[in-house]
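Mind having a look at this structure? Questions to follow.
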Amino acid sequence: MKFYETNLLTITCEALAQKTVLDILSKHHVSGYTFYEVEGNGSKNLHGKGINTKNVKIEIVLNRDNLESIAEEITRTMFSDFAIILYVVDAKVIRSEKFA
Amino acid sequence: MGIIELIQSNLLTPVVLFFILGIVAARIKSDLKIPEAISEFLPIYLLAAIGLHGGMEMRTTGFANMLIPLLAAIALSLLMTLNHYQILRRLGKFNIFDSYALASTYGAVGAVTFSVGLSFLKNQGVTSEGFLTAILAVLEPISFVLAIFLTNMAVSKMVQKKRQTLQKDPQNDLSTYAELESGTSHNKSFYHVLRESITGKAIVILLGSIIIGYLVGKEGFLPIKLLFEDLFAGAIVIFLIEMGIIAGRRLDDIKNVGPFLVGFSIVIPTVNGIIGVAVSTFLGLSVGGAVMFGLLLASASFIAAPAVLRTAIPQAKPSLYITSALGITFPYNIIVMLPIMFTISSYLHNL
Amino acid sequence: MGIIELIQSNLLTPVVLFFILGIVAARIKSDLKIPEAISEFLPIYLLAAIGLHGGMEMRTTGFANMLIPLLAAIALSLLMTLNHYQILRRLGKFNIFDSYALASTYGAVGAVTFSVGLSFLKNQGVTSEGFLTAILAVLEPISFVLAIFLTNMAVSKMVQKKRQTLQKDPQNDLSTYAELESGTSHNKSFYHVLRESITGKAIVILLGSIIIGYLVGKEGFLPIKLLFEDLFAGAIVIFLIEMGIIAGRRLDDIKNVGPFLVGFSIVIPTVNGIIGVAVSTFLGLSVGGAVMFGLLLASASFIAAPAVLRTAIPQAKPSLYITSALGITFPYNIIVMLPIMFTISSYLHNL
Amino acid sequence: MGIIELIQSNLLTPVVLFFILGIVAARIKSDLKIPEAISEFLPIYLLAAIGLHGGMEMRTTGFANMLIPLLAAIALSLLMTLNHYQILRRLGKFNIFDSYALASTYGAVGAVTFSVGLSFLKNQGVTSEGFLTAILAVLEPISFVLAIFLTNMAVSKMVQKKRQTLQKDPQNDLSTYAELESGTSHNKSFYHVLRESITGKAIVILLGSIIIGYLVGKEGFLPIKLLFEDLFAGAIVIFLIEMGIIAGRRLDDIKNVGPFLVGFSIVIPTVNGIIGVAVSTFLGLSVGGAVMFGLLLASASFIAAPAVLRTAIPQAKPSLYITSALGITFPYNIIVMLPIMFTISSYLHNL
Amino acid sequence: MKFYETNLLTITCEALAQKTVLDILSKHHVSGYTFYEVEGNGSKNLHGKGINTKNVKIEIVLNRDNLESIAEEITRTMFSDFAIILYVVDAKVIRSEKFA
Amino acid sequence: MKFYETNLLTITCEALAQKTVLDILSKHHVSGYTFYEVEGNGSKNLHGKGINTKNVKIEIVLNRDNLESIAEEITRTMFSDFAIILYVVDAKVIRSEKFA
């Protein structure tokens, strides 16, 4: 079984910021992602489920170039205004062609 | 019944008491909560019920007498939004973003407040004009779109000014420049916001239900009357438990919003509401209709507003507009303003 | 009332209009949706209500006159499944997997369609035989099991043939061989599918409720009548908003399924439905009963089918069978076929 | 009606039959389930309905005759908890943790059981004193707090003893020592548990609704009567499907809990229930009131208990207390004990 | 604190494929796993919540041998028919004996 | 884009143990975390959704020291009494100062 090295970018943010994140992804032609509602606690205290206070976690398997440029854009345009964190983990996949 | 007795009797209705129970539960850090699926479904249900009812009424009464009140409501809502902005920016010293966000939150209308108003009128044995529901639907996006249009204009101007300063400056910092650009690009276009507002679930279900109510009429409504009319009061009670819980959690934030905004959150609905009652009485609406018209202007949006504003004006602090609208203005409206407006409306109609 | 007027008046019922509202919401990309917990609960509720009602009716009418219609329904459903397969494979040139999947989707029955049918009859002031609910329960798994049995047989044959070719071939490719094997092992056994179908939630709640309805009778039902009978029409409306949204999202896929399948999705329910009405009228069912019998045969399964077929025939493309069943046949059945079958049934019963 | 006929007729009510359907569904591994949001909402709804009803009753009847039954219930509940502990520890040879956890599970009360009891009485055409709901609310946390207080004392004593042994021992193992400490620190303080119990959602919604019911009275209740009274029986049915499913999944565990605990789960509710009926009849409660009083003592807690005990006495095995309370005692109470207690109560009241 | 190296296999697929994945796990005697519903976007477009269109994410902490054989079987038998992705991340655990 | 090395600790346990885990986090002054409900299977069989049988997954981005001490305390005080697993993955973040 041959595995190819790639990256898993995870963004956890207030749900009302989800659209902005997905817009950034599509601007960088990344169309594969997974997301789900979560609860959480952080510096901005905007945690918990319920109307307008939900968090969402977005996960994207993507190559180094896209990772760099997307992480850069999110940091620059979103970090100051939204409750948001971002981290990256090394991942291995089988069909590397599937992940832009 | 005097105002005080009316407030007292309104206080002792299940709707208000369960709202207070929700607040208490949040304050004592109870784990009481209405599951999300239920509290997401209830606004849809409430809007469908309101819409069906409004549509059926309009079938009997027609559109004729609706136009003037509608135009009046739009004009008042826009004027009030601009007025809120001046107050917040000049007197409150809020920044542009927070000022516009708050201005439109209070210029917009609250569908939940509207539902509670209908149930209040029912308790008083009074009806209201069906077309008010249609006004609710039209009014919803109006002040958002205005506020976002003005914010974008203001930001563009700011960017232009800074750009000129930067160009004069020999140390022309490119990164600052890029940031400014990105700042603007962020703020969604007028058209974009308009589109999102009118495809938003609240408008779609409300307008849809008005049309359906109009089409099916009272007879076609009969098989679903049990769900969409008779259960309405009970459903509001459930929803207000959750609203109380959310409001209760926000109470801590009240000290952070500052005394100016607390005052604003009480004075503005009072003034707007009374203006609304007076104008609509003058325009010939019924006692109950004038109360609902006043309530439209008095109410602030706390479900639709954050969803729209968070993408459209991300620089504005949601803790300001959610806390004041949900934590102060909403309870004030359903507990104090409804009885006040009802008394004023009754008085004006008896002149 | 002529067919056209009947279609028109059916179009103007809340059930149909809220379904259309759901479609519109999906088309304008509104974020309107019924929370998942609610839309997962509603089919359970609808089936329980249908079942209780059917069971109570059977307590009064007995099983005696049920046997012949049940056998007729089973025979017709099996024949139709085989017939669909031939049409799809021969004329439509679909592959074996898609052909069997589609054939059984249309051979199976739709419980949601059945619910709408009951509410349609209520609007017409007509009743139907209680035992039809029991037929619904029995019919559900039948054509799945047949289709999966036949698919497995077909795949086995295919594998055997290829194996012979491979053995003759000196370049005997072992990996291809392994793949074929795995291909078959994939396709679940006849017994497995049967087991899963009859322990599926739809059958369990439906059969269970029939039995409970039978045991408690009309008097025992009284305390829960409000929930399980009076609220039925309202609950369908809520569910149809969600069905409309899902159907609306599928509309884009219609151009991908091709004109043949679009035609199939309209012609087959029309033919099957009319056959159903005729046969059941001949067997002595009432006007309403014949409509429901026809609807059983006209309807395609779009909730149970994907769940069963996706594991049983994974090679079949779900976009084909979900889109055609939910996006075309379901609206066609509830908007057009119900009035048509009602007219035919009334006509036949008046001969 | 003799006991046997009463059990039979109780068996043939929708509530019991849908509970059994849930069990069957779980046993045949059906995927039938009530979505979580619904099954989390239903207990809140049931408690609100019970509370409102109780509060309204107390408005008419006053608190006067409530004090003695309340004190009797508290005293009995505490005595029974201690008694359960002795039986489990001495005869059942369970360890301290399991013994206290089980003792308080059976000393506590079950709100779901209480709801079913109310619906049982309604079927029998009998009412009960409104203040029993208040007793339900007060009784809920009592035996938990007692059990956890005693567990903490017992653990402290254990730790002290071992510490003395360790100190005498030259090979004084520090890590064991640390473990013991951490063992105690784990067990939450008396105050902590008390606080959590009374801010728990069950108590908050129940007490809150009692107060609201008291404040609004029968007239204020009218607009929400449909939801909070008329739909009660239907809602219990839905909830019992889910309870049946959970109980059904637990049935496998019954062989693991051992014959002693199975016996305990049947004998204890029988004895406690009969004592409850007798005492409350003696105290002057009505036929229905005595049944509900008996049911309070007979019932075990299976929704609140695990949530409290899992943090308070983590060393106790939840498979023991959940399985016996939900898998054995609950069905036994609603199917067998209710008719038994009703017969006894009727008999005693006719003496 | 001693950590043992192991692997975290993540499978994201249409919910109707969950049973097939779990069957493969149990065939390889892997009984520990965690799963939850997610939404997502990918090449097969079968995203979103709602009846018959949900996605599910399945996570399995497992040793190298099981990882290889399970990834291989999923790739071979499921990739062509289902909306599915799979990736692996290096993980560290304390009780290595818990994870087959 | 500069990434800083850090750790992602994941704890999956029965929901009734969540409070105990969060108490341990706050004892170690870690206030940032994300959690969500999951279903699962393991040695303790306490899987599945529904009243009192849910699982929860808690994720914490945190530095090495906190990781060690928190993992140690959870292992020592919780492993014997609860259905629980724990694993760690290397992660990279942009604003390292956000994660204690």
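The letters A, B, C, D, E and F name the chains in turn, as written, and every chain counts its residues from 1.
Everything that follows uses one rule, which is that a contact is a pair of C-beta atoms (placed from the backbone, for glycine too) under 8 Å apart; a residue touches a chain by one contact, two chains touch by 3 or more.
Just so it is clear, the structure is predicted and the values come from calculations on it, not from any experiment.
Within the contact network of the assembly, the step distance from chain D to chain E comes to 2.
Residue numbering at the chain E/chain F interface overlaps only partly, since under half of the positions present are found in both copies.
Overlaying chain A onto chain F using CA atoms gives a rotation of 120 degrees, to the nearest 5. Taking the mean of the C-alpha atoms as each chain's centre, chain D and chain F sit 32 Å apart. Taking the mean of the C-alpha atoms as each chain's centre, chain E and chain F sit 20 Å apart. In terms of their C-alpha centroids, the spacing between chain B and chain D amounts to 43 Å. Under the contact definition stated at the top, the residues of chain F that touch 2 or more other chains are 36, 89-90. Of all residues in chain C, those that touch two or more other chains are 33, 35-38, 40, 226. Here the chains touching each other pair up as A-B, A-E, A-F, B-C, B-D, C-D, C-E, D-F, E-F.
Residues 33, 36, 39-40, 179, 182, 186, 242, 245-246, 302-303, 306-307, 310-311, 314-315, 318, 322 of chain C touch chain E in their complex. On the chain F side of its complex with chain A, the touching residues are 1, 3, 6, 8, 31-36, 61, 89-95, 98-99.
Residues of chain C touching chain D in their complex: 35-38, 40-41, 44-45, 52, 199-201, 204-205, 208-209, 211-212, 215-216, 220-221, 223-224, 226-228.
Listed in rising order, the residues of chain F touching chain D in the complex are 14, 16-17, 19-20, 46, 48-53, 76-78, 81-82. Remark: chain F residues 12, 36-43, 55, 57, 68, 71-72, 75, 79, 85-90 touch chain E in the complex.
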